[in-house]
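Each of the two complexes below includes subunit A, the first together with subunit B, the second together with subunit C.
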Partner chain A sequence: MEHFAPVRRTKDGQPVRYLVVDDSVFARKNLARIIEAFGGQMAGEAADGLTAISEYSRVNPDIVLMDITMPQMEGIEAAEKIMQQHPEARVVMVSSVGYQENIVAALQRGARHFVQKPVKAEVLYEVIKYVLGEDGTVANAAGAGAGS
Partner chain B sequence: MTHFDDPGEEMRELFLETAQELLQSLNEEALKLEKRPDDGEAVRSLRRGIHTLKGDAAACGFRELSELAHKLEDALAPEHVGPNASLAELAFTAADTFAAMLAAYRDHTALPSIQSLDEILVALSAGTKRPGATKNQNHEDVATQGIDWSEYELLASRQSASLGKSVHHVSVLIDPGCTMPIAARQMVLNALNALGQVLGSRPESDSAGLARELDFLFASGLSAEEIVAKCKIPTIISQVDVETITEASEKTSLANPGAQILSGEISTTPHSNEEPARASDSVEHSADSVAAEPATDPGGLLPHHAAENILRVDAERVDALLNLVGELIIGKSMLQQAVNELSKRYPKEPLRARLADAVALQARVLSDLQRSVMKVRMVPVEQLFRRFPRLVRDVARRCGKNVQLIISGETTDLDKSLLDTIAEPLTHLIRNAVSHGIESPPERRQQGKPAEGTIHLSAYHQGNQVIISVRDDGAGIALDRVKAKAVAQHLVAASESQHMDQPEVLELLFHPGFSTADEITEISGRGVGLDVVRSVLRRLKGNVEIETRIGSGTTFHLKVPLTLAIIKALLFRIEQRLYAIPLNAVAEIARARESDLHQVENYEVLQLRDQVLPLVRLGMTASESTVPDRRIFVLVIASGGRKFGLIVDGIEGEEELVIKPLDDHMVATDLVSGASILGDGRVVLIVNLAAIMERSQKSRRKESQGGGHGLLLPQAERALGLGVPAEVRL
Partner chain C sequence: MRMELIQPFINAADAVLGQGLKTPTSIGNLSMEQEAYLRKGIAALVWVTGDIEGRIIFDMDSETAVRIANRFLETEPPESNELVREAVCEMANQVTGNAIATLNDEGFHFRIHPPTTLTAEQGSKGTEDTEALVLCFETCMGSVFMNIALRYNVAKIQRRDGQTTANVIDGCANPAPATAVQSVAATAGNKSK
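The block that comes next holds the complex of A and B.
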């Protein structure tokens, strides 16, 4: 697999912090591995929408990766609640092909992007860069990138 | 570097493990659906489970499973399924197929056929899916059409131009790797709406379908280059072309009449500005219904929710921990003994009290530690019980019976390894209860019972044990038929069988020879593999007991210790040797003299209050140890619905023993089930009561004459010299 140049926060050069929401332990672990490869940091994880909302307020992540189908509260609703409380939230929906209409709904409510399962690292990498826009900086090879 | 395309073995294992839980919930939902085919919540829950399975499998590279799950998920989509009796069947077949596939992945064997599932899928979709398919074709037609902006859209664009904005024709190509074109379209719309105003789009929102080329009529103050930059969304849009149709201009004359025409047309022609709003309205409905569903689904939630904070630890690591605790407990009693010794020797030594305090504190913490570690190994029996509803349903169906399963006490905790070990015997008992215990519906009606049979599966704590009962309300076991069968098989003599009481007859069911005969299933309904059930339970230092009443049913009680590793034991001496038995097996301890013992037929018995208690000697036979007035102890053991007395020379006290298993090559007897080390370094053997009882009965039947017979444990032990019997023969 290709190597990813770490993506850092532009404002302080710190790793981008992620909240991963998925009811499958497996999916969360998989995403965590990918995030690690991006030089990101797992700020928190949640297995259902309700927890996701409280976790967002607690850890205040830069990016939320949100599964669509979950118990307790579905991804869209959780994403919507988060975006209501935190309009600046960057929520990326993660789901399989069968849930296109839900993704459309989430996008209409302010989700920033979506990726399909199974999540491909190189796809998510591009999505993350796009979603962060100017708030993210691709760091150069060795630590020199911090600060700018 | 990590490899996402080829996930490590660890990920696969995690997947295979979590997949089992998913399959379990599939089964549960299927059972719900079978009872209530119109249970929409069950369908949604089912679909959610399949969805998760699909995603996980795909990430692991298990393509076949993922694809199958995808098909299923599609078939279960709300627009495709109504209340449908075949859904339950589909779900069951799906669960089985997935299970077979998972097993194949795990063992690296060939994948099973998915034909049966495919057939159901085809049958299911035949009636419902066609409209959707034709609709899709229409979409493609629309997508290939050229751009033909409506009069209204052109009008709106002229209006925008008059307001000082440029109007562009933005055409985008959805990335071939993106499988969600509608969502991709929404992304583009989001991007455009952030920059200006979308006046029109092709294809239109409600017919976007599978189109991969999108065209927008877009009014914005930004330049074409800026629009291209903003719309080039990575991974979703592969190409963006912007053609400026109208520069910001002065045309205003047409605006007014246009507006009038427009207002009349709103109902027929899609109004571009309202379009997103309408779309979001319709989605809002579906989103609401989706969001509302979990709240009404407490059953489906729990497993997911509980999984939240769970740490997955290899059971071996916990075992290693427990083993260390065991060693500490031995250390504790060594220390305790040393302190006692010290106290005796130097009663005035002031240090003694401090030492004793420290030892007491340590002992307390140690017992807390032991409890905590043991708790780690405990899991609710629900983990095992969950699979039985499906089992009962399947077996009942196969034998044409009508059976309901009632489960209680599923929160009772049991050592994980114990639970795993009793899974097999318990499954066996339940299967037996359905196929042989419960009568067929006509038979039941004849006897005035409800046509539907009931099996109660329950678990509860009793002292240091967990008791799991399987109770059916079936025919019960006909004792005389069991007897007749046993006589026919030469397991007992006909004359002898006359004297057998109920426990003894039931005991025959556990005889290995008895259980292998085919007709037994017809005669008694029991017997198949019961010897196996018992031997498993014995290995766990537990037992299995039967209660039965003709006409009203049979109950099997599986008694297992809370944990395998540490038991509270009663220590006693026989011929200067030390032995132990689980304390909870001892009902009482009686004192007696040799002269109090009587001989009845070939039994040695003791008159204990108003009971006559059959006795078992572990040591020398009565004739060998003829000191007529010797004082002895009789341990009254209650086991398997019967009592017997164990003659021992002296009682040593009770102690917590850390059981060390004995390897088969060290002990060739089942009379001893383990060993332990005491604080003073002595080795104590743990006696297997169930085996002793069985042996003594057998020997009693064989020895029609002669005095009380000893099991001669100590002699055999002496032969080895080590304190561990090499072989014990009767």
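The block that comes next holds the complex of A and C.
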């Protein structure tokens, strides 16, 4: 895994907290590994959209990484419901089913971005910085903050 | 099966395996199977429904599956058997998802179902329109078999578009070669690295 300058929360300099939603344990573990490389922290995980909604309220993450194809409730519907309850939520869809129709549907329901699987860490890194905007800060090598 | 259905899966498998393993892959044996599917090792099944229906199976021996799972996660063995099975399922999901995305952008509409681990030793015998194409991808971690059985859901396409089947199918994709097997074999040769 390549090294990335840690991305921190601007308000308190703490690691960015992620909720990872994917029905695949393997995919969640893979994303956790990437999040760690970004200097982030796993706030929670869920294996379906329904659980994701309750987990969001429980852990209040900075970013949600959400798969689409899942049992019980799919990711686009879950993203919509999270956005209805928490308009400030930042949901990034992470799915292999990256056709235009799906991407548009996800964005229309409030997702901030779409990342195609297999996830390229450098792509997700740029998306995370973009989605955080001024609420995220990239720490330099010496540990001092630098604007994203 | 027609070439336009198969090529996106070949491209997607090549891309997913290549990125995950960080080495090029090549296509080895290729065959059409009409007999019942026989599981080789750890296998993941993905169903697709919609304009195109059928299933895709990813299959590999357990040693290959462990090596691939560890390479994808950049970990050392031993990983749990459950995680290895999950890795095969996720790989099948990514390949199918990427292929479906390509076909969807060409005008086909369908749904991909969550992958499941295939535990049965044997599948049902193929029928004339669901005969399976079996591709063997040679990787640095071992052989990965992709078994594809897909067919057009003609009735669904006609209902949706109100067109004749021939118009719909021919209008949605590139002209198909005379026989799927010959064209796929030619493609496999071109894809080999």
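What to note about this one:
Just so we're on the same page, the second predicted complex is superposed on the first by the 135 of 148 C-alpha atoms of A that agree within 3 Å, B and C clash if a C-alpha of one lies under 4 Å from a C-alpha of the other, contacts with A are read in each partner's own complex, and residues count from 1 in each chain.
Assume contacts are C-beta pairs under 8 Å (C-beta built on N, C-alpha and C of every residue); 3 or more make two chains touch, one makes a residue touch a chain.
Bear in mind the structure is a predicted one, so any value in this text is a computation, not a measurement.
Within the superposed three-chain model, A:69 lies in touch with subunit B and with subunit C [touch as defined at top].
By the touch criterion defined above, A:33 lies against subunit B and subunit C together after alignment on the C-alpha atoms of chain A.
In the superposed model, A:23 lies in contact with both subunit B and subunit C. When the two complexes are overlaid on their common chain A, residue A:100 makes contact with subunit B and with subunit C alike. Between subunit B and subunit C, more residues of subunit A are touched by B. By the touch criterion defined above, A:116 lies against subunit B and subunit C together after alignment on the C-alpha atoms of chain A. Of the two partner chains placed around the shared chain by superposition, neither subunit B nor subunit C is touched by A:53. Under the contact criterion defined above, the residues of subunit A that touch both subunit B in one complex and subunit C in the other are 1, 23-27, 29-30, 33, 69-71, 96-102, 116-118, 120.
Contact residues of subunit B toward subunit A in the complex are 1-5, 7, 11, 14-15, 18, 48, 51-52, 54-56, 58-60, 66, 70, 73-74, 77, 177-183, 185-187, 190, 233-235, 276, 279-280, 283-284, 286-287, 290-291, 293-294, 297, 300-301, 304-305, 307-308.
Per the touch definition, subunit C reaches subunit A in the complex via residues 15-16, 19-20, 69, 72-74, 82-83, 86-87, 89-90, 93-98, 100-102, 104-105, 109, 112-115.
Listed in rising order, the residues of subunit A touching subunit C in the complex are 1, 23-27, 29-30, 33, 69-71, 95-102, 116-118, 120. Touching subunit B in their complex are the following residues of subunit A: 1, 3, 23-27, 29-30, 33-34, 36-37, 47-48, 51, 69-74, 76-77, 96-105, 107-109, 113-121, 123, 126-127, 129-130.
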